[in-house]
Structures are given as structure tokens and as C-alpha cells.
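As C-alpha cells, the structure follows; a few thoughts come after it.
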Amino acid sequence: MRILVANVNTTQSMTDAIAAQARRAALPGTEIIGVTPRFGAESCEGNFESYLAAVAVMDAVTRYEGEFDAVIQAGYGEHGREGLQELLDVPVVDITEAAAATAMYLGHKYSVVTTLDRAVPLIEDRLKLAGLDARCASVRASGMAVLELEEDPERAIEAIVAEAEWAVREDKAEVIVLGCGGMAELEGRIRERCGVPVVDGVAAAIAAAESLVRLGLTTSKVRTFARPRPKAVLGWPIPVHAPAQAPGVGIPG
Amino acid sequence: MRILVANVNTTQSMTDAIAAQARRAALPGTEIIGVTPRFGAESCEGNFESYLAAVAVMDAVTRYEGEFDAVIQAGYGEHGREGLQELLDVPVVDITEAAAATAMYLGHKYSVVTTLDRAVPLIEDRLKLAGLDARCASVRASGMAVLELEEDPERAIEAIVAEAEWAVREDKAEVIVLGCGGMAELEGRIRERCGVPVVDGVAAAIAAAESLVRLGLTTSKVRTFARPRPKAVLGWPIPVHAPAQAPGVGIPG
Amino acid sequence: MRILVANVNTTQSMTDAIAAQARRAALPGTEIIGVTPRFGAESCEGNFESYLAAVAVMDAVTRYEGEFDAVIQAGYGEHGREGLQELLDVPVVDITEAAAATAMYLGHKYSVVTTLDRAVPLIEDRLKLAGLDARCASVRASGMAVLELEEDPERAIEAIVAEAEWAVREDKAEVIVLGCGGMAELEGRIRERCGVPVVDGVAAAIAAAESLVRLGLTTSKVRTFARPRPKAVLGWPIPVHAPAQAPGVGIPG
Amino acid sequence: MRILVANVNTTQSMTDAIAAQARRAALPGTEIIGVTPRFGAESCEGNFESYLAAVAVMDAVTRYEGEFDAVIQAGYGEHGREGLQELLDVPVVDITEAAAATAMYLGHKYSVVTTLDRAVPLIEDRLKLAGLDARCASVRASGMAVLELEEDPERAIEAIVAEAEWAVREDKAEVIVLGCGGMAELEGRIRERCGVPVVDGVAAAIAAAESLVRLGLTTSKVRTFARPRPKAVLGWPIPVHAPAQAPGVGIPG
Amino acid sequence: MRILVANVNTTQSMTDAIAAQARRAALPGTEIIGVTPRFGAESCEGNFESYLAAVAVMDAVTRYEGEFDAVIQAGYGEHGREGLQELLDVPVVDITEAAAATAMYLGHKYSVVTTLDRAVPLIEDRLKLAGLDARCASVRASGMAVLELEEDPERAIEAIVAEAEWAVREDKAEVIVLGCGGMAELEGRIRERCGVPVVDGVAAAIAAAESLVRLGLTTSKVRTFARPRPKAVLGWPIPVHAPAQAPGVGIPG
Amino acid sequence: MRILVANVNTTQSMTDAIAAQARRAALPGTEIIGVTPRFGAESCEGNFESYLAAVAVMDAVTRYEGEFDAVIQAGYGEHGREGLQELLDVPVVDITEAAAATAMYLGHKYSVVTTLDRAVPLIEDRLKLAGLDARCASVRASGMAVLELEEDPERAIEAIVAEAEWAVREDKAEVIVLGCGGMAELEGRIRERCGVPVVDGVAAAIAAAESLVRLGLTTSKVRTFARPRPKAVLGWPIPVHAPAQAPGVGIPG
């Protein structure tokens, strides 16, 4: 089976890291295709960037020319999963939800440890919409930006483990979820440090997607995720040949 | 004061109708600027189209070259309001939320009457995220597509009034919310027919935005809606010179 | 348009301050009439006083002999709004609800800072009934009694700002709501001190009431707020010529 | 032990019926004192009347000159219980809550059958505030006004039993709660007709109050129900020498 | 009337203490029969032990040869109440629920103080299922194991009072519930130490059961608690003649 | 990997059918061991039987002498999963939860179609405890008893499909969950008949358990599911040599 693993940002090295983690988790016969959006932010840390990513991932996945059996949206707490579900029949698995659903098999409550404080409400909202928040003890920020996870993994591990410990002690979490696709590479080392199960969303999503495919299950098409109605859609697929923007350029207030 | 009223789809006549309704509701000194996205669907009836709209509205609003005091997102149940809030300091009011908040002043429970059945879950989700669902008795579909509202207003009125009556009788609604920006023109005639208050989201949003501006209130910038962090954003603002797609073309499965 | 602004307690100077704040917030053509109950407590800080106020406000409003277009109930977290809605067709706006609905346009979560600890559960209950509690991060007490707000505004400002800062830092509030009608006068100075939007309920309620009137919206009369059925009501309107009680007199245990 | 059973309306025959039911339920040594308010509506069927009752019951109870061990507020879905709890140390039991708490011992879900449709939202709100709504399957209206229960008991029984049967069949209720103090007299006959347990609030409240007294439990005074602070309370206790109003007189719009 | 009070563990001294507390709370004419399971753990502090207790209590109660009018399940936060309700027509009262329902008459919020940290989630789950959690401020662990309550009552009282004080101060509890059947003996002394009402579940359950019996109320048999369907049940009632296990023996991983 | 699939009842043919379904769903290298309890009911359709099953499954699993990597509890809506989690380190997957979590990847809302009406509240309760109920549109009963599923599969399929269609049309379900382990054999034929995805819990649980094992995830041992404390447990493992009871014998009232 072939699974597309869509990074939500335009940083190729993060796509590679996510795909590597996906391959570690995948069954022997599963082919993992990492997909990087053609446009959008180098990292997603807020709603503007996340909405761009929602469209950029839809663009990237619909442009992919081969066959595939499932899609992973590999951004934690990002917008867009519902759009992919409309466009595709094959299963779409969001790492936010796969990680939560997986954690719920392992303990009474789970906590998410994510990157920046500003990402916390996005994650809380996604879990609420997904109906997976009832056993979420807390969403905690490590204070590490997405790109810092790659740049300074040692500091990242310390910061994440520290928050995980607080979550277990204060919030009564029994399982820790890594709240960023970019934490996939750190999973092994964080797991060694925590006395509780640690769930990485990319790995959880691969296993969930493989399971759905093996069980012959596809997205329901009766209502919410029915195909888009035939209509004029201006400027889609979106043509992109603009150069990368200088940081922050072009966002007026 | 100047308020941008952003249509979520690319149908200019709908922008005009929404702007006209906005002008009817506005204070004498308020200037209403209708904004039409440069790309996206001719009507929004699902998540794919709605996510496109989220980005297209951000694109359109950030490209607007003048000063403005507030923005209305004039799509009912659509994605994107949080992105605008990050990009702007001025208040952003979503008609979904303004209509609900307004209805809650008028009766114990309200119901939304929208277009197609497939739009119902999107609206339910937006109300849940907004924390305005506790007194929502139901979201009902009239079965009219967005563009049919303009094409066949008589049938639309009958269909909407019929659902409104069911909502009052069966779901115990005491107020009806019109669940589509495109219903703004029909408001007067629907109100005549229903024995309960009828709230149009565009009018409600204009009044709410004017109120926020007059009270000197702006979007909080401390956390969720802080400005995007400076970073490379590839392909933004999105360049659009593709011709309109033929209906449904280019959306693979 | 004319709006009655009903103080919930019998302290005339507080009525004056509330009316002054209402006038600052009102549109040029709006006439503000401050209304003081003929009976009840000099300040409302609990259920006994609040229930008295509910009736005293209904008494005062129904005794008012002129025409009016809307009524503000200017007590934060008090009983009684539903009774006024039954008696009147014109919109009734409770400052508790107007402030919450307004705050929800501005940030992901809001906190209320009120007077005494004993008022907290009343406010929580009112927000829950109003269905506006889902995005309330916390209700915090400043420890200042209602009348102390007038007597010692400097200390009040310090105490309120301190709690507001805790709410932002610990409870993740992004907007602060002033949880007492008597804080209206302090709003400007508190707003200067906090880095987040500060919402005063009186101003928010005036704007909401004006909006409802301008939009031609009135209280739904189909069920919960239908006029009282014709029946014998003994001792209404309540005749009051008793002298003010000495403090606490006449409340047996 | 002596228990005050406070009717919420001014109809003496209803006080008598409630007190009779209370005596049937009470332990041998319990003295039941029926209390009728000096002012207020002949029946409570809405918020205006219910708020008046809240104050009228506080007035009546605080005027009672003897000792007593507990108070029952014998109106279903009415305001005011929290006020009594502030004024008194002895337990205060609301029949709305006692009936719900009792029903929850007997089945997985319960339904309330009340009088008029307009009373339904009041009851729903009181159950929500009391935190006793999670297992409430429905609140249904029999269409009988409060005073009609006495006037035409045969028709009332038929109407109540019909709704009870719907509640069991459609709403999956397993226990029926009689949602009006005035239904106490009909309890025996309704119980014969229904195949499920039927709970009368007056009887349930008497048993609950006796239990609290026997267990030496009194209202907590640390926060919400602390005694009112010493302060000037104008016009309390409320002097009433107005003649009964003609039906509906004096309630302007 | 005769009430069976079923201990959930096999420690006879605890049955005796619970029965003694039940007798202190009972009406003069009530006969209390303490019942000890024939199998199961010497104390219940987790799900394995609690599920065993669920069956052991059903076994013990169905083996009891005399008549009885109600059953108390005297374990706090334990499984099994629903099974007894199916097997019996007479009321079954769980001390977890009786204590919560009783506490809710006395204050705005209550907290439970229990034994070990690991018992907290069980209690939270039971309260959630019972629909009695909305006004639960917190469930706190004293750190005392069940059997330590008997062994070192002085230390237990200190530990419980300390947590109760935290619950009042930090969690805003206004009533304390003793979260273990084995705390019944300590109730009097804990109550002296706390400034808020303290509810013991055994006493509360006795009063509730007596009330149900006196009101002629029995378990609803229409759906959830209908008698088990006639069918082959292998090995029931369960014969037990195995020797007591050495601690912890025989539980593989 | 080896997975124990525990039937909750004592009907060997049902164990065989469940194990066969598990094998159809399992990965090539997975060994499925069907486990039948030594005691308990021939089918589980209520709390008495379900609590017996909870203990009987714990007994059966702890008696199993080989190594195993995960356990499936193959009863829909049954008690006991938490007990197994305490006793074991390997993952324990309940088919109720696995089916719900799987369905949530496929549509906006799901409905469960189960056997008898009396099983509905048990399933609702388990989903609530699991925190997987927010997107459950309904739990519907087909009216087929558990053993009738085997005896009359044609009628069962008709009854289940009919309820599934109601769930899609009326309750707005987009995915159907088969709410009984005994429906596993019918899955293929039901899926053909419904226009929406159909999830069988046994298959879903196998895939979930395999995923957990492959990801190296085990049950958290820090709090709720920590090993039972060492203590005397009388009569465990439970010796069963009583003859099978005649149907219904020995259950007094």
C-alpha cells in the first residue's frame, strides 16, 4: 500500500524527517511518499499559516499523480483535514487525532506537549471538534518553536520532558502525546526519559491509516465529506511561481 | 468608519447583495466596502471550498490598500476568521457568530436555517468552536443551494419559512437565524412570514463591528491572535492568473 | 432612541455613574435614562439581594411612565433578566451577557474580574444559563466590595489589575471583562494598565441594545418570554413606604 | 422536627394540598407548617411570577416567628432557593432538585411532566444550574395550567399520563417526575397508571429534608450561601397592604 | 424496615464499622444487616478489586436468605450498583451517589476526599456516569490506604482534614464528601475540624434508602434495570472454597 | 505477535466466530487465540451478566499460560476493560472503543446499531466513560437478542440494516458501528447493503491492538492502571466447578 504523508509547511528537511518516522512505523509492504507543499510557511505556528497549509496540502495532494491508499496530514493542530476528506475517497488521518485516539487506549487521561504557547488554543480547538478532548488533561507548551526542534534537539528534549513531567504530576496525565510533527525524530529519546507511554502522531497516524486500508474502510460520502458539487472554482489548482517572501513581508495590519 | 465586508465566494452579484444589506444595517457614517475574493468557488458549500475561501479572504483583505476599521467575514459556517484575526488588529466579525450572539438576546433557544444538508455539520462545528452552541436548538437545511437563493427567491422563501416553522414547533426555537450570507436579501420577507424574530448575520455583524469600533475594542494580541511570527512564507500573497476552471475539473479522487 | 439603564441597587450615585458610562458609550441620538429601584439593597453581593433586585428592577421599569426602546439590566451576575423579558416586548440586555458576548469577538478566552469571592458562583451560574461560559477562562474576585469601588478607586484599580494579570498569565484569558456595573467608571484606567482588551458591561450592553433596536429586533414572544398569563397578582406593583432598614436588621436565621 | 413547606403562589388551597402531601410523606414526629406568600401570583407559570415568588417566599419564611428545622420550596422550576439558603442555616430543599435526585436512584434516565409549555425552559434551566440535568431525558408539558390541576383532576391525570407514556417510549425515560407542586394530590392515581416509578417533588423534598436534619447537616456558609453582608436594605421586609390586583392589571409593556 | 449494607471487601471489621455507622444514621425502626462478601480483596483500591467486589456483592446479596427493603453498596467509587439494580426490585443506593446528592443540597460545589491517588479516576468516572459531577469541584487523595484508616486514625484525620482545607481554599468546595466507606468512623472528628459540612456516604445512603422505601419507590424495571433475561448462567452463584491467596499471588502480567 | 481475543460469554460458537473475524482482520504474522470464560452467561445483555463477564474475562486471561502481546475484550458495551488494564502491561483494547475511534476517522458522526433496547444505556455509558461519545449520533437497538444473531442471520441483517438506514436519515450518522461482538460474521453482508462505512468492533480492535504492539506502546502504569497493590484476595482465581445453572435459576428479587 502507498501512503502520502503531507507535511504542512514548506521545509523539505521536515518532510524528510516526518517521512523517515513514518517509514519506521510502517508495515513492511507500505510505501511512504513524503509530500511538501509548493507554498505556505516554513513552519506552521498559528492560524494564518495553518489556513495556508490547509489549501497548500489540498493542492499538493491533488497534484500528486500516482495512486495512493491513504493520506496523513502531518501537522499537529492544523486546519484542513475536512477538505481532504471531501476531495478524496481514501482515508485521511490527521496526526492530532490519531495521537489522541491512540493515547486513549493506554491511560485514563493524556496530555499534549507542543511547541509555542500560541499553538495551544489551536490544538485545543482541533481536539474539541474531533470529539477527542474529554480525556485530555492539558495541552502544554514547551516554548520551543517548530524550527528550533531541528536546530537544538537537546534543548528541545529537556523542555518537552520537563513539561511532560508537569503534566503527569499536576494535570494527572498518564500518557504524553508529542504535539508537533517535527517532534517525530525526538520520540525515542523522550520516551526513554518519561515513565509513561509517549505517543508520536506520525507513527500513530501511519498505523491508523494502514488499519483503515486493511479493513477496507473509506471516508463516508453521504453528507459532510461528499464530493464537492460541480461548480466554477476560480484559480484552482493554485498556480505558484512567486519567490519566497522575505520574513514577514507582505502581511499588512 | 469604514468596514470591509468580505464575501467568501467569487460571485460578484452576491458581494453586491451582501454589501447592500450591510448598508441597510449600517449607521449613517459607516462606509461599507464589499470585497470579492480573486480565487475560490462561485459558492461555498463544503470544506474544500471553505478552506479556499479562508485563504482567498485573507488574500483579498490584506491586498486592500485603504484604511479600514473592521472586517466582516460574510460566509455562514465558514473557516478562516481566526486567520484574519491574526493578521489584523481591527475587529473581525464572522456572521455565523454575530447572528448567534444576537439571537441569544432575543429568546431562550435559536435555530439556524441554512442551504444544503451538507452545510449543517460545518455550521454546527463553527458554533461549537465559538462556544455559542449551548442554546442552539437545531441547524436545519432548506435544501436550497447557495446560488438558487438568487435564482429562485420565491421558492427559497417558502423552503426557509417551512423549516423555520418546524424549528419553532419541534425544536422549540424561539428565534430564527438565516444561515447563509446569500439570504440577506430575503430577510425582510421571511421576517414577515415568521412569528418569531429573524436574525440576518450580515446585519448582525455590521452592528457588532460598529459597536466594537465605537467602544474602542480591538482583537487581543496576547496569544491566539498574536501577529504571525516573522518567517519565510512561500507564494504569499498568492498570485492568481489561472482562468476559471470548468465545473469540477481538476479535483481528482 | 431611549434606553432605560436599570441599576440593581438603591445607591443613587451608582445609578449616576452607570448612566454616565452609558452616555459615553451611546450613539449621539440615544437618550439614557438611569433608573434606581425603590427598594432593595444598597449594593448587590449575593442571592438574597439579587432576588430582591430582580423584583425591584421589574417594579421600577414597569412604573416608568414614558416610552422606551430597550432596557439594560446593569448588575453583573444578577437574577431577573428573564422576568423583564416577559413583561416587555422591547429588547432587554443584561450586562453580564453583553460583556461576555462582546469579549468573545476579541479573543479565544476571556476572564471576568468581579468584586467579592461570594459573587463568583452567581456569575458562573448566569454565564452557564446564558450559554456563554464555554470560552470563559475564569471568574476571579478582586476582594473589593461593590461600594468600595467608589470609595477607594485607587485600591480598586490595583486589585482588579492584579487579578486581570493573573487571569492572563495563569488562566490563559485573552480579554478581561469587568464583572460589576460599579466598575464602569474605572474602565479607562484599567484598560491603560492591561495589555489586553478590557470590556465594560455597561458600554457593551448599550451598544448591543442600540444594535438590536436599529435592526428592528425584539424579544421573542412564542414561549419562554411570552407575556404573563392574565391572573390575580397580589401586591403588585409592590407598595414601598418602609424606611430604610438598619444594616442587617430583620433577617432572621 | 418542624419543616416549613412554602407554597410559591398565593392560592391557599394549593398550600393546603401541598401540606397534606407533605404530611403523608413525613415521618411520624415531623410537624409540617404550610406557608403561603403574602403577595405574588395565584399561580406561577413564568419568570415574572417566579421572581416575585422568590422574594415572597423569602419574605414569608423570614416572617415566620417560630423555630423550624428545614424549609421546602414547593414550586417546581422556580427561582429563589439560593436566596433562602443565604438567609438561613437550616437546610433548604427545592422540590425540583429533590425530585430529580430521587428519580436518579431509580432508573437510568428520568423525564419531568409539567404544566404548560412555557414552564419547560424554566425547569430545564433550574436542572442545569443544579447540575442534575445529565440524566434528564426530557421535560414535557401536559398543557394543563397550574390551577386547572385542581379544577379538573380527571383531565389532568389523562394529560399527564399521556405525556409520561411518550417520555418512556420516545425519550427513553425510566422514571417520571411530576413537575408541579400542584400535582402532589394526583400522585397516587398517576402512579397506578404508569408502569414506571413516579416521583412527586413534595414527598421527595420532605424525605430529603428530614434526612439532612437527622444527619445533622446544614447549609454551608463559607461562600455562596454565606449570610448577607450587613447593609442597608430598603423596604425589607416588604410591606404589603395593596388589594389583590384584577387579573393582569398593572403589567405594562 | 430492613436494609442490607454490603461491604465491598472481605475485611469483617470494616463491615462492622460500616454497619455501626449505618445504625447511628438509621431511623429507630430500621434494622441494619451488614454483609461481607465471601470472596474478593481485603480492601478495594482499583478496578481489578472493584470488579471482583461487584460480583462478590451480587453474590452475597442474592444469597442472603431473609427479606429486605433496600440495599446499600458501601464502597466509594466502586463498580456494581447497576448489576444489583437488575437483580432486585428494592432500591439500591450506592454511597458514592448518595453522598454527592446529599452534598449538593448544602453548597454550590463539593469535593471528595478519598484514600489513594489511584482511586481518584474511579470516583470521577462513577460520578460522571451518575450525572452527579457537574458540581464536583475536585476529588482529592489523602494518601491513606483503606486499611490504614483503621490502623492509624489519627494520621488519617490529619491527612483528610488537610486535603479538605485545600479543597475549600483552592477548588472552591463548600462541602466535603468522605470518599471511602472506611472513613465512616472518622466522620464525627473530621466534621469538628472542618468549617464546612462533611458528608459521610454510609449515613447519606441509609437516609436515602429509608426515604425511598417510605415513599414506596422501587427500581424502574422498564429498560436498563429490567430483570436479567432467562438464560444459562454457568457457575452462578459462584462457589468459593479456594484458600485465601497470599498477597499478590497469581496475578500475571 | 499473539493476541488473545476474549469472548465475554460462555458460548463457544460465538468465541469461534469472533476469532474467525479476528483472523480475517489480522496481519499475516498475528496469531489469534480465542478465549472463552469458564463461567458467566451464555450471552451478555445487561449489567448482571456484564459484571460477571468482567471477572470471568479477567479470570480467563490471567489463567492463560502462554505469552501474549495484547488482549481484545470482544463484548460491545461491557464492563471490565479497566480491570484487565490493571492486571496486564500489554495493551487491552475494548471493541466498543476501537469501533468508535475507527468510525471517527471516517465521518462526522457515527451511530451504533446493537441488539436489544436494554443494551443501549450500557453502550451509551461506556462511550461516555471512554470520552468517545461527542460524535455519536445515536445508539439504536435492532431488537435481535445476541443468540438470535447466530440463529437467524437473515432476519438479523434486515433488522440491523433497517436501523442503520434510520440512523443515517434521522440521526445524521455517516458511519455505522456494529454494536455486538456477535455481529462480526454479518459484517460483510451488512456493509453491502448500507451506503455508508460499516465498522465491526472485532476487526477494528485487532487492527488497533496490532498497531499498539508495533508502535511499542503499553498500558500506562502510573496511576489508574497501576498494578493492584499486594494484598489478600480471597477466592481468586475463582474456582468454578458448579454445574451450569438452569436458565434464570437462583436470581432472587
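Some notes on this structure:
First chain written, first letter: the chains are A, B, C, D, E and F, and each begins at residue 1.
Here is the rule we go by: a residue touches a chain if its C-beta (ideal position, glycine included) is under 8 Å from a C-beta of that chain, and two chains touch if they have at least 3 such contacts.
Note that the structure is a prediction, hence the values are computed from the model and not measured.
In this entry, chain D maps onto chain F through a rotation of 120 degrees when their C-alpha atoms are superposed, rounded to the nearest 5.
Between E-F and A-F, more contacting C-beta pairs join the chains of E-F. Between chain B and chain C, two chains of identical sequence, the interface residue sets overlap for the most part, with shared numbers making up over half of the total. Repeating the C-D interface, with the same residue numbers in over half of the contact pairs, is the pair A-B out of A-B, A-F or B-C.
Centroids built from CA atoms put chain E at 44 Å from chain A. Note on chain placement: the centre of chain C and the centre of chain F lie 53 Å apart, centres being C-alpha means. Put simply, the C-alpha centre of chain D and that of chain E have 30 angstrom between them. For chain F, the set of residues touching two or more other chains reads 108, 120-121, 172, 223-225. Listing the residues of chain F that touch chain A in their complex gives 25, 27, 91-93, 97, 101-102, 104-108, 130-135, 168, 172, 174-175, 195-197, 199, 203-204, 207-208, 210-212, 214-215, 217-220, 222-225. Within the complex formed with chain E, the residues of chain F that make contact are 10, 37-43, 45-52, 54-55, 58, 62, 79-80, 82-83, 85-90, 117-118, 120-122, 125, 128-129, 145, 223-242, 244-248, 250-253.
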